[in-house]
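Next, two complexes with subunit A in common: one pairs it with subunit B, the other with subunit C.
Our next item is the complex of A and B:
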C-alpha cells in the first residue's frame, strides 16, 4: 500500500492541478462556514443596508466597509483555514495531491468574497443616492469606476489571498490578527499624513504603498479634495499584489522545475507590480485639487469656499 | 512550581505581538495626530498578546494533572506583566511627549484592554486548549470596532478622545463596566470557584 501511495505521489505532480475542482469546492464550503467570514458578510450587509439612509457626504467612509469586512475579515478567515490544514500536514503529505494543488484550491475560495465585493459595487452604484458626481472628486467617469473598483472590489479578492500566503509561510499563531491590525493602522495613518501633505511626492508614494487607499476627502461643506495618483494604475498595483500573494503561496513546498518556474513568475509579476506602482504615483493630477458643487476644480489652497484645513 | 508553569506560556507569541504593539504605538508619536490612531491599535495588539497567555498545546494532559485551574490561571496571569509593562512604557512615553490625550484614562484603557484579552481567553479555555487565536481576534474586534463602525462609535468609546467628550458611553465608564464584567467572567471560567459556590 505504501508503494502504491508513493507511486501515485510521484506521478501526481506531472498531471498538474487535476483534483483542483473537488478540492476547491471542499475548501470553499469550509470557508463560507467560517464564523469570521460570516461575521464579515453580516457587517457588510448591514453597511450596505445603511447606504439607503440619505445623500452621501463622504464616499470613502462607505466604500471602506466591504474592504474591511470582506477583505480584512476574509483575510483572517483564509489565514485560519490555511493554518488548519497544517495540523493535518502529515496525513495530507501522503495523499496524491501536490502542495501546489492544495494551495491553488485554497486560493479559489477568494472567489466568494470577490463576488460579494462585486455585488457591493453593483448595489453602491444602483442604490446609493449622491447629490452629484462632484462627490467623486475631479475624476472622469472611467476613473470614478476605477476608484470604486479599487475600494469595493479588489480588496475583497486580495485580503483572502494575502491571508493564505501569510499562513503558508509564517507559523506565528497570531499572524492573521497582527496583519489585519497592521494594515488597518497603516492605511489610517497614511490617510492622515496624505491629508496633511497632499502635495508631497514622498507622502503620495507612502499613500499608494498600501493595498487600499482613498482618492478623495470631503473637506468642508460642499468641497471635495481630489488627491494625486491614477486610480486605474492603482487597480493594476492591487491586482499585481494579488498575483504576488498567489505566487508566494504556491512557492511553499515547490521544488525542482516547478520551483524555478514559480520564481521566474514571481520576478515577472513583482516587476509588473512595481511598474504599476510607479505609474500610479506619477499618473493622475499633478497636484491635488478641490472640487465644489457646479464649479471647475481648483488647486487646494485656492478654493474660495471654507475648508477644514 | 510557578517557574515550571510559566515556562509553558507561549512566550514567542506573547512577546512577538507585544513587540509589534510597541512599534505601532511608538509610530503614533512620530507624527502629529498619530497617537490617536495608532495607540488604540497598539492596545488591541496588547489585548491580543494577553489572549495567548493561556494557550496550552498539551491541554489534554495538563487539564487532568493535580494542579488546579485556579493555580494554573493565576500563575499564567503573571505573564500579563509583559503586555501591561510594554503598554505602560508607551503611555509614559506619550505623557512625557505631552501628546494631547488624557493619560490617566489612557492607562485605564490599557489595563482594561489587557484584562479583556485575558478574560476572553479564560472563557474560551474551558472548551479549547489553545484559545489565543480566536480570543485575540475577538478582543481586537471589540477594541477597534468603534474605529470603523460609526454607529458603535456613537454608542461607546473604547479609547479616550483628545477633544471634547464624544456622544455615548465614555471610555472611563466603559472600562469600569467592562473590567468588572471581565473579572466576573474570569472567576466564572475557573471550575474550582464554581464548585465552591454550589451547595
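Our next item is the complex of A and C:
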C-alpha cells in the first residue's frame, strides 16, 4: 500500500483545456437525462407534430409551446441540476475548479434546449413561410423572423439560464416551479391586459417587461391585430436578460477581483438590456393596427372590418 | 520537517461569538489528531485549513501559500483533500460517478488517468465491489467511505478529515488507519475525532481544543504520560476521582487530577489524559457559543 500511495503522488494531469469542457459535457449528459427536461422534449415533439399548414390559425398560440416546454420545463430541470450538488458543496467548493467554472459548465447545458428551439423554428417556418402570410400581421418578413425568434428560440435558451441563476442564489427547493408558475401567470396576465388596452403606453411597457410576449392576435376570420413594439429589439431585450442571468449566476461565490469584474459586467449588461427594453417599447408600430387579408393595415378602431376593440 | 500549515494569531468569529481565538500552530507532514468537546472549534479550525473559511483575524498559510489570495488558494486546493463532517450526495450518482465527478473538479481531465485514480481510491476505501451502486442504496458506513474516497484523490499533500471514522466498523477503521499512516509519510494529515483510540493508534501529535483555544499541543505519548499515577482501579467509585466508571470486569476505573498512592494504578490511556485535561467538566456546556454561532451562520 505504501507503494500504491507513494508511486502515485502527482498532480492531476492536464489535458490543456482545463476541466470546463469535460465538465460541461458531464453536466449536459446529466441534464438531458432529467425527467422534467425529457417530458418537455416529448410535449414539444407532440406539439410540433400537430403543426401543419391548416393548423396554424394563429402564430402566437403554436409558437408558445417550445417556450413553455423547452424553456419552462428546461428551467425547472436546470434549476434542479444546479441544486443537486448543493448537499456536497462543502467538499466541492474546496476543489481547484472555481464556482464560476462550475456555473459556466452548467450554463452550457442550455445549448441543448436552444438547439431544439432552433429546430422548432425551422419546422415552423417550413409549414408557415415568412413571405406573404397574412397570419403574421402587419410585420415585415424580417420582423416576422424576429417574432418567431423571440417566441420559439430565445426562451428555450433563457429558461435554463434563469433556472441556474435562481438555483445559485435561492435555497428553496421549489424555486423553479414557483418561478415557472409566476412567469406563466405574469405573461398570461399582461397578454390579457394588452389585448384590452392595446394602445395604452403603460400596458405596452408592462407587456414587454417579461421574457416572453405576443405581438399579434388573430381576431376573427382573416383579421390580425398587430400590437405596438419592435420585435427585433425585444429579441435584444431577451438576450440581455439571458446575459443578466448568466452574470448573476456567476457572481455567486466570486470574490476579490473576479467579483469586481463581474459586477462591472452586470452593470454594463443591465444597461444594455434596459436600452433594449426602451427601444422595444418605442420601436415598431407606434399604434396597434389590424390587417385584413389582401388589404393594407389600418389603426385599430378605424378598420372597415369590425373587431372587438 | 518543513512546515506545511501555519497559523498565526488566528481567530474566527461568527456573529459576536468567537469560535476560535489566538490560535498559533505549525503542522508538518504526519498525522495530527484534533480532540475537543462538541463546539470546541474543531470543525472551524479544519475548515480554515481546508480554505473553506477565512479567518476573522490572523494569518493562515498552507503549503507556503496564502488562501486569502484567489490564485494561491487555487494552488492549495490542487493539493488538498477534505472530508467534511457532513456531506450529502447528488441524487442518482453511483459511488464511482461521484468520485469521478470530484476528480474532474480536481482537474483530472484525462479520462483514462482519472478513471484509474478513481478506481485506486475506491480500492483503498474498500468500495471497488460496489462502485457501480447508487449511493442512496449504500449504508451509512459505505457512504462515509465514498466521501473519504474523494478526499484521497491525488493523493493530496494536505488531507483534512472531520470525524472520518464515524459510521465505520472496526475493520474499516483499521484499514483507514493503515491508509492514513502511509499517506502521512509525505503529507499533512489532520483528523478531528471523538474517538481517542483512533488518535492514540494513529497520531504522533495531538491538539486539544477547548472553547476555541488550544488547550494542549504536543505528542500523544506526552499527553498520555501526564495521566500516569492518576488512574486506578477500585471496587467502588472513588470520591476523590474526577471521573469514574464501571468497567467490563465489574471494577471501577477512577481518574483524578491529583496522583494517588496506595491504590491499584493502571496504565493510563489517551482518553484518561484527555479527561484529566478537561478537568472532568461536562463536555456539552463548553461549545454552546460556537454551536449557536454556527446555527446563525447556517440561517444567514
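Just so it is clear, the second predicted complex is superposed on the first by the 283 of 309 C-alpha atoms of A that agree within 3 Å, B and C clash if a C-alpha of one lies under 4 Å from a C-alpha of the other, contacts with A are read in each partner's own complex, and residues count from 1 in each chain.
Just so we're on the same page, a residue touches a chain if its C-beta (ideal position, glycine included) is under 8 Å from a C-beta of that chain, and two chains touch if they have at least 3 such contacts.
These figures come from a predicted structure and were not determined experimentally.
Touch criterion met: A:76 reaches subunit B, while subunit C stays clear of it. Of the two partner chains placed by the overlay, only subunit B lies in contact with A:64; subunit C stays clear of it.
In the superposition on chain A, A:182 makes contact with subunit B only, not with subunit C.
In the superposed pair of complexes, A:213 makes contact with neither subunit B nor subunit C.
When the shared chain is aligned, no partner comes close enough to touch A:247: not subunit B, not subunit C. By the touch criterion defined above, A:36 reaches subunit B but does not reach subunit C.
In the superposition on chain A, A:23 contacts subunit C only, with no contact to subunit B. For subunit A, the partner touching the most residues, choosing from subunit B and subunit C, is C.
Of all residues in subunit B, those touching subunit A in their complex are 10, 12-13, 16-17, 20, 24, 27, 31-34, 37-38, 41, 44-45, 48-49, 52, 55, 130, 132-133, 136-137, 140, 144, 147-151. Within the complex, the subunit C residues that touch subunit A are 50-52, 70, 74-75, 77-80, 82-84, 86-92, 98, 101-111, 113-114, 117, 120, 124, 147, 150-151, 154-155, 178-179, 182-183, 185-186. By the touch criterion given at the top, residues 36, 43, 50, 61, 64-65, 68, 76, 80, 172-174, 176-178, 180-182, 184-185, 188-189, 192-193, 196 of subunit A touch subunit B in their complex. Considering their complex, residues 1-2, 4-6, 8-15, 17-19, 21-23, 26, 30, 84-88, 90-98, 102, 255-258 of subunit A touch subunit C.
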